[in-house]
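Here come two complexes built around chain A, the first alongside chain B, the second alongside chain C.
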Partner chain A sequence: MGVYWAIGIRSFRRFSTYRIATASGAFTNTVFGFILCGVYLSLWQARPGLGGYDTADALTFVWLQQGLLMPIGLFGASTTVELGERVRSGAIAVDLYRPTQLLLWWLSMDLGRAMFQLLARGGAPLLVGALVFDLKFPADPQRWPAIALGIVLGILVSFGFRYLVALSGFWLTDSRGTEYLALWLSLFFSGMVMPLVVFPGWFGEFARATPWAATMQVPIDIWLGRNPGGTGAALLFQLGWCVVLLLIGQLLTLLATRKVVIAGG
Partner chain B sequence: MSVIELSDVSRAFTVRSREGFRRTKREVRAVDGLSFTVEPGEVVGYIGPNGAGKSTTIKMLTGILVPSGGTIRVAGVDPSRNRVQLAKRIGVVFGQRTTLWWDLPLKDSFAVLQKMYGVPPARHRANLATFVELLDLGDLLDVPVRQLSLGQRMRGDIAAALLHDPDIVYLDEPTIGLDVISKARLREFLAQINADRKTTVILTTHDLDDIEALCTRVMVIDHGRQIFDGTLPTLRASQQAPRTLVVDLATSLPPLQVPGATVTKVTGPRQHLTFPPTTSAAPLVAHIAATYPLVDLTVAEPTIESIITQLYTPPEAD
Partner chain C sequence: MVERVLRAPGQYWMLVQMWIRSTLAYPASFVMMVISAMLITGTDFVAILLMFSHLDVFGGFSLGEMALLYATSSMTLGFADLFTGSIERVGRRIREGTLDAYLIRPVPAFVQTAADEFRLDRIGRPLQALLVMILAFTRLDVDWTVAKGIMLVVSVVAGSVIFTAVFVLGAAFQFIAIDSAELANSFTYGGSTLTQYPLTVFGKEIVRAVTFVVPLAFVNYYPVLFVLDKPAPLGLPSWIGLLSPAVAVLMVALAALAWRAGLRRYRSTGS
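And now, the complex of A and B:
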C-alpha cells in the first residue's frame, strides 16, 4: 500500500505547483457563483420552495457546487484526461511494465489531485459567498463526518466513471467523442445546470438515480440535510455506485491488459 | 544458466484494411522463428532497421506482449504469465519516453520508485548515492524534471531504471538526441554498472557507436528474423566489405592505375582506392610510392555502418 500513498502524496504536490492556475480557477468559480446566485435568486423568488429548497438552500447549493466542481472533476480532471491520452498514444504500455495495479495507480493520482483542489479551491468560493449571502452551515457537529464521507465517495464515483471513459480508448480508435458525451452527461446529471431536486416526475427520479447524482447532488444535500431518504440512505446510494463503477473499471482493466498483451494494442 | 531463452518465437499481427465495402485481413509476422539465449552479465546490442521486430521482441521479453508461437523464459519465468513479478527484476528505459514525474523534483520520482519496488531503505540510499556520483545528479535532485535538459533527464531515467537492482535492463535507444559528451558519459556509466553488478544489458539502438563502446555481442534482426549473432570482430570478418586506401599526392592527377585496387573517389590531390579485405595493403602502398608523387596515406577499415548496411540489403532479391 505504501506505494499508492507515495503516489497520492506526489500527485498532491504536483498539483500544488500550479499556483497561478489554482488562484485564477478559484477566482473564476467565485465569479460564476455570483452569476448563478443572480439566476437562482430570481427563480426562487418566482417559485418559492422549488424542489423543496428554500432560497438559502439554493444559494448555499451554488457556493458548494463552485467549490466542489474541480475536486470532484465534473469537467473531467487532468489525471484521467492524461490517462486517456496515454491510452490513445500507446504510452500506456510503459505503465504496464510497473509492478503496480493500473486502477489503483490512477486512483491514487486522482485522490491526490482531488485533495489538493478541495483544500485550495473548495473553501475560497464558499468563504466569499458566505460573506455576501446568508448561507446555511450544518448546525449539528455530527453531520461533518457524513459530509466528509459524502464528498470522498462523490470523488470516487466520479473517478470510477472518468476511468471507464479513459479506458474506452482501448476499443475505440478515438475516445474523444466518448469524453465529450461523458462531459455533458456529467455536467447535467451532477446538478451543475440546476439542482436535480427541481426536476419533476419520472425524469427527476431518473436524474437523481444516476451515478452523476452521487458525485455532487448527494454530498450537497447531506450538507443541507435535504436527502429524501435521510443521510444514511444517501451514503449507501453513493457507496453502491462507487463499488459498481470500480468493479467494472477493474474488469475493463483486465480486458484491456489482455487485449494489449494478446492482440498487441 | 541463461537469463534469457527464446526458442522459435514468432509474433504475428492482424492488419485490417478497408477498400470501399471490402474488408481485408492480412497477417504480418513481426517476429518469425527467433531463437537465442543470453547469459547473465552479457551486454548485447540488438540492432536492425526500423520495423525489423526489435520493439516487438522487447515487448515479449518484458511480458506485455505474448508470442504467437514458441517459448520465452526470462529470469526463469514465462514473462507474459508473470509480468508483475518479472517487473521487479527488470529495468526498462525508452529513449523517447520518460517514467519520471514531469512537474516534480527528480528526487520525488526516485522516492516513489523505492516504494514501488519495495527496495529496503538502506539499499535505496546506497544505490542512490552511487548513481548520484556516477551520473553527476547531485545538483539535479531538487530540480523539477520538466526543467532538465534531455541529457540530464536521460541520466535521471537510467538511474530510475536501475534503482531496484534489476538483473536485466532493456535500453531502447538510450542515447537518442544526446550530444557527443552526454553519450560518452552514459556509455561509461553503463559499462561500469555492468562490470560492478553483472547486470545483463539488452541495448537496441541505431547509434552503432553505442554498440562499439559497450557490446560484447551483436544480434542483427531484419524482417523478424535473426541474420547475425556474434562478436563485433566476427561481424566485421563475416562480411567481405572492402578496405579503403586514402592517398594524398603532391598534385592533382587523373585516377591512379594500381593493380589490385580501384579508385572510387578523386578530390583534388586526394584519391580513395578500395581493395578486397583478403589483399595485403603493403604491395599496393609500395607500388603507389614507386610510381606517383606520394605525400601521405592512410588505410581505413570498413565502418560498422557499412557492414550493417550490407547485411540489411541482401545480395539478390528472392
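And now, the complex of A and C:
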C-alpha cells in the first residue's frame, strides 16, 4: 500500500512543476467559462427551468465543468496517454517486471495528477465565476463529503475507461482510432457538449445511464442537489460503473500479460 | 528579403508533402482519423442542434442562420489549424533545445515551425464545417448577389488568416513563457466557440472587445451579417464586414512583428 501512496505523491509533485502551463490552462478554462455563461444565460432566459435547472444551476454547471474537466481527464489525461504509448512502444515490459500491480500503479499516478489539477485548476475558475455570477454553493456542510466522494468516484470511473483504452494497444497495433472514438464518447456523454439534462427524451435517459455521465454530470448534479433519484442513488450509480470498469481493467491486464508478445527493439 | 518571402511557400509545401506522404502510408488509419476529427469537432454543432430542440430563435438567428455562422467560424479555425496549428509545438522545441536545428537550416524558422508535424487529418474540421455550410444553404433563403458571394468567399480566406495570425501570436508568446501553449487556446478555440454564436448575446462590451481589441468579430460575424441582410450592432455600418481583409493584413503584420521579436529573444537551452 505504501508504495502506491508514494507513487501518488510523486505524481502530484511532478504535475506541480509545470506552473506556467497550469496557469495558462486555468486562464483558458476561465475564458471558456465566460463564453459558455453568455450562451447559457440567453438559453435559460428564453427557456426558464430548461431540463429542471434554473439559471443559477446552469451557470454553476459551467464553472464546475470548466474546473473539473482536467482533473477528471475528459480530453484524456497525460498519465493514461503515457501508458498507451508505453504499451505501443513496448516499454510496458519494464512496468510488468515490477513487483506491483499494473492497474494500481497507474491508478496511483492518475490520482496524484487528478488531485493536483483539482486543487490548481478546479478552484481558480470557480472562484472567478463566483465573483462575477450568482453561483450556487451547497449550504448544508453535510453535503460536502458526498460531493467530494462524487468527484473522486468520477475520476475513478474516468480512469477505469481511459485505462481500458490504453490497454487496447496490446491488441490493436494502431490504437489512435480507439482513442479518438473514446474521446468523442467522453465529450458527448459526460455533459461537456451540453448538460445532459438538456438532451431530449429517451436519448437523454440513455446518455444519463452511460459511464461517462458518472464522470462529470453526476458529480455536478450532486453539488447542485439535482440528481433525479437523490444523492445516495447517484453515488451508487457511480460506484457501480467504477467497480465494473476496474474489474474489466484488471481482467484485461491478466489476459494481456499472459498472451501478449512485447514488440522488440 | 522579397526573394526569401517568395521562396517560402515552396519550402513550406516541400516540408508539408513529406508529412503527408508519411500520413498516407496508413490510408485506413488516415480515413478513420479524418472521420473521428469530423465527429469530435462536430460536437459543437450538436450543442447548437440541442439548443434548437428547445428554441426556434437564438439571439435573433434561426437554425439555418446559426448553421452558417457556425460553419464559417469552424471552417476558418479549421484552415488556420491545418496550416499553422503545429506552430504551438514551438514551446516544446524551445524546452528541448531542438529549435536550434531550425535556425541553422537554409529555410526560415517560421516555415519550419509552421510545417512541423503537419497533420493532414486536421482537414476533418473544415470538411465538417463544409457539410454544415451546405446544410445551412439548403435551409436558408438568401437573396444572393455577386457582392454577397464575394463577401462570403473573401471572409473565409480573411478569417482563416486572422486565426492563423492568432496561432502565430500565441506561439510567439511562448518565447517569453515556455509551456504557455494552452493560453493561445483561449483565443483560437475560445475565439471559434465565441464566434459560433451571434455576438450580441454576450453583451455590448464583448462585441466592442472583439471588434476593436481582438478583432475576432471580423472572422465571420460581420461578413455573415452582411450576407444575411442583418444590421450590424453598435450602430456600425452594414458594410463593416468588407473590412475583414484589412483586419487580416493588420493581424498578420502584428503576428510577424511578434514572431520576429520572439525569435530575436530566443536563447538556446544549450542541452
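Just so we're on the same page, the second predicted complex is superposed on the first by the 260 of 265 C-alpha atoms of A that agree within 3 Å, B and C clash if a C-alpha of one lies under 4 Å from a C-alpha of the other, contacts with A are read in each partner's own complex, and residues count from 1 in each chain.
Here is the rule we go by: a contact is a pair of C-beta atoms (placed from the backbone, for glycine too) under 8 Å apart; a residue touches a chain by one contact, two chains touch by 3 or more.
Keep in mind the model is a prediction, meaning the values are calculated, not measured.
Enquirer: Examine A:3 and indicate which partner it touches, taking first as chain B and second as chain C; both and neither are also allowed.
Expert: After superposing on A, A:3 lies in contact with chain B but is clear of chain C.
Enquirer: Pick one for A:209: touches chain B only (first), chain C only (second), both, or neither.
Expert: A:209 contacts neither chain B nor chain C.
Enquirer: Is A:149 in contact with chain B, with chain C, with both, or with neither (first, second, both, neither)?
Expert: neither
Enquirer: Should A:239 be classified as contacting the first partner (chain B), the second (chain C), both, or neither?
Expert: Neither chain B nor chain C is touched by A:239.
Enquirer: By the touch definition at the top of the document, which applies to A:96: first (chain B), second (chain C), both, or neither?
Expert: After superposing on A, A:96 lies in contact with chain B but is clear of chain C.
Enquirer: Scan A:81 for contacts with chain B and chain C and give back first, second, both or neither.
Expert: neither
Enquirer: For the overlaid complexes, name the partner, chain B or chain C, with more touching residues on chain A.
Expert: C
Enquirer: Which residues form the common part of the chain A surface touched by chain B and by chain C?
Expert: 18
Enquirer: Touching chain C in the complex: which residues of chain A?
Expert: It is residues 18, 20-21, 24-25, 27-28, 31-32, 35-36, 38-39, 41-43, 46-47, 50, 174, 176-177, 180-181, 183-184, 187-188, 192-194, 198-200 of chain A that touch chain C.
Enquirer: Which residues of chain C touch chain A in their complex?
Expert: Interface residues on chain C, with respect to chain A: 26, 29, 32-33, 36-37, 39-40, 43-44, 46-47, 50-51, 53-55, 58-59, 177-183, 185-186, 190, 193-194, 197, 201-203, 206.
Enquirer: If you look only at chain B, which of its residues touch chain A in the complex?
Expert: 11, 13-14, 56, 59, 62-66, 80, 83-85, 87-88, 90, 92, 94, 97, 99, 101, 103-104, 108, 111-112, 115-117, 144
Enquirer: Residues of chain A touching chain B in their complex?
Expert: Where chain A meets chain B, its residues are 2-3, 5-7, 10, 13-14, 17-18, 91, 93-94, 96-100, 260-264.
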